[in-house]
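For reference, the structures are reproduced in the following blocks.
Next come two complexes, and both contain chain A; in the first it sits with chain B, in the second with chain C.
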Partner chain A sequence: MSDASGAASVLPDAVQNIAAVVASALAGGGSRSSASPGPEAAPETAAAVSGPLAAAVERTPDDPVLVAAARVLGADVLAPALLLGTPPDPDDVALATAARDAYPPGADATAVTAWSHWGLDAALRTLTGDGLPGTAPDAGWTADEPWPRLAFRLSQLASLALPGVDSALATAAVKRPVDLARGFVRAVRRRDWAQAAGLGRWLALVPGVPPSLGLPNGLAFVHHLGGASDARVGLHVRAARTLLEAAP
Partner chain B sequence: MLPLNEPTTAPVTREALTPDVDALLNSAEAEGVYRDSRECGGLLLLAGLLLLAPPEPKPKKG
Partner chain C sequence: MNRTRLLHEVGVAALEWLAAHRDGFRLKDRPGDAEDRTRLKPVGELATIGATLLREGVAGSRQAALVRQLVDFAWGEVLEGGTVLARMQRDEPLSPMPLELYAPFRELGHRNPQVERAAALTHRLAGWQALEMHPVRRLGLAVTEQRAGLAPSVDIAEATARTWLGRTPEPWTAGFHITYDVTHTVFHLTRWGARPDGLPPELAAYLARWLPAWLHDWADLGHWDLLGELLVVDACLPEPALDEGLWQRYAAAQDAGGAMPAEGALPACDDAGRLFDLVHHPTLVAAFASAMATSRSLSALSADPG
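Up next is the complex of A and B:
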């Protein structure tokens, strides 16, 4: 087996494992009164895992696969601290720092790569107060993209839908809540649960979402149908519910 | 003769993981999976016609 093919086979699983642990931490950290018992059963069980992410997924802190998986998840590695206001685990901060430093965006990086890296850096600065704000990537595309494309792009960057992490992407999302709602419905109709969950998280953060969308029920539907096969769906749905519970 | 304890797989490195990180970050939009209501309706109509069809006449004796 080649080096590259070996990496390709283990990284998606590592991402899923970390996402499941983060979702579990979110599920166990606050009021779960609105959680439906069925789809939540698996994450709640795993919520008993506490401590650093590395220990939870049984990897060493300097494992390259763990660092790469943390880079893929971006700011969501620190989502429990950012969403629940709990102190971040120092080992998780070290993991996020290693992921940020190991995979800087290149000059030809896509908007998703550049923004996810910026989001990870911003999350670290928000929690630690260390470092200076980096130059934010270009967000001009958010004004010109047709709504299906905008919705898909923002769903890929749902890890930036965090309170306390202001960005030009969040500003763009605030300006187009109806377009995001359209994207959510489109994703559900396409059975694209990952996109629907990411958009649901943005919709939980921004004001002006049409009440007729029925976001809480939509999130439950997405979690029910997509959460079992994709831990990142569960993570985004749990983050969205946390945002909705914290909304005034 | 090869040593028996030679590892069969190379350790995973950051360089090897970089393309996979980029691929996971920039995954393409999933193909939509729709339920075609016209197709479902056609199948339902066909099943209904089969159920409602009169039985074949039995051959007459004699």
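Up next is the complex of A and C:
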């Protein structure tokens, strides 16, 4: 029994570990020495790492668990480079490439699977300039989904809320900021921190978010209550803050 | 079922239940007992919501007669033509409760000169103006004063600005009790739906934006009492959503006998008095929400011949 449960937790643990490292890198702004902790800064749990993710999570670059975890995180394995404009570590690019190539979506893949794969590929193209754009998955559903479902599905694809990676999802998000904001409200009320953080990240990217939402404080609140138990919450909140700081 | 019929039938069933259980509104079990004043709140709610039903005129003639009978019963038999309120005023001159209870009956044509004299006298006191109150209740009292023909002791706009809704805070901070404060702020400002334009435009805009999130949240949690109040708020907005999916869920929660559970399913309860205590409020709210929403749905139909 312990073997089975141990194996089952390896991937989620790896995802959490990588997410924590990415979040930390985002929090450090790529250069820890210049990051001055303001009154709102949460305590850092891991040092911002310069150097490959594999080393930061103490795995070999070709470790299948590492590659699978990178596939789960999608474009977020490259989030520091994409959000901070720093050059990506070549080993991380290799890891992202391996994750993309090892797990192509099947014909019957869900929108989340297909889009996160597309996002990983698009992130790689953006950073390396290599390759041709793949066919984007269907995004027709974004026009018709009632706001609760739209919000939930986009929250699962928050790794695509990136500057410089245009997608039909980002276009859809731009069209429905109030609906995403309603989703954020509902997610916080339900204490669904993962959904709230993902939506907060989209909301940080798109214009037209109602000021009465109180997004910056909402992100701090979500991080405070949900960040400790889920590193992906911290990653999305850090990404959102970076996006808000970069906003004109 | 078309939407208007769906909205309407919730109220018809709720009213039938209230009429069949009207003895639950009595303040005492037997004529010789001392009156239990903790039971007064439902009587005030009955009058307020009864006034809405009569005003909106969307009930059938049977429903209109039932409402009138319920209100007359509450005034004549429960409040003894206002004598119970006058007695309360003597016992506790500075309590705002008798006036709050009186105002809706007065609007329905039930008057008691003793109650009005005592209210006018108390209203002049600095101690009345100085009563310590939760902001939404202070707003409610100011509106009650107006309804009872007295000058409001606080400016309505100022009282509104002090409420939670008046400050339009982060919508994700609205918890259970705050959401009830929001619904009541809207009820007071619109005079229980009679004057939707009493809601300042900036508050109407705030609600139009965030109300859907709250509606879905409380529907998902199966809290029918609060959902019902929020559906009233929706019907008070300049452009009500009258979301058919939410109304279907609300209607599905109603018991076959017309009672609306406060939360989840109707509790199994053999004690009729206890059951009344548990469900009279959500059932009154169901009648209220139904009347408001039906009225708005009919206005939309008549305004849009297509």
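The rule is simple: the second predicted complex is superposed on the first by the 225 of 248 C-alpha atoms of A that agree within 3 Å, B and C clash if a C-alpha of one lies under 4 Å from a C-alpha of the other, contacts with A are read in each partner's own complex, and residues count from 1 in each chain.
In this text, contacts are C-beta pairs under 8 Å (C-beta built on N, C-alpha and C of every residue); 3 or more make two chains touch, one makes a residue touch a chain.
Just so it is clear, the model here is predicted, and its values are computed rather than measured.
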(Q) So in the superposed three-chain picture, is A:S167 touching just chain B, just chain C, both, or none of them (first/second/both/neither)? (A) neither
Q) After lining up the shared chain so the two structures overlap, which partner does A:V72 touch, if you call chain B first and chain C second: first, second, both or neither? A) first
Q: Mind working out whether A:G214 is in touch with chain B, chain C, both or neither, as first, second, both or neither?
A: second
Q | Touch count on chain A, higher of chain B and chain C | A | B
Q: Could you tell me if A:S159 is touching chain B, chain C, both of them or neither one (first, second, both, neither)?
A: neither
Q. Thinking of the overlay built on chain A, is A:R182 touched by chain B (first), by chain C (second), by both, or by neither?
A. second
Q: With the two complexes superposed on chain A, say which partner A:T97 touches: chain B (first), chain C (second), both, or neither.
A: neither
Q: Could you tell me if A:N17 is touching chain B, chain C, both of them or neither one (first, second, both, neither)?
A: neither
Q) Which of the two partners, first being chain B and second being chain C, lies in contact with A:W147: first, second, both, or neither? A) second
(Q) Taking the superposition on A as described, I'd like to know which of chain B and chain C A:R190 touches: first, second, both or neither. (A) both
Q: Under the contact definition given at the top, report the residues of chain A touching chain B in one complex and chain C in the other.
A: 189-190
Q: Please name which positions on chain A make contact with chain B in the complex.
A: 1-4, 6-8, 10-12, 15, 64-65, 67-68, 71-72, 102-103, 110, 112-113, 116, 152, 156, 189-192, 194-195
**Q.** Complex interface listing, chain A residues touching chain C
**A.** 147-148, 178, 181-186, 188-190, 210, 212-214, 217-218, 221
Q | Complex contact set, residues of chain C against chain A | A | 168-172, 174, 206, 209-210, 212-214, 216-217, 220
Q: Show which residues of chain B lie in contact with chain A when the two form their complex.
A: 8-14, 16-22, 24-27, 29-34
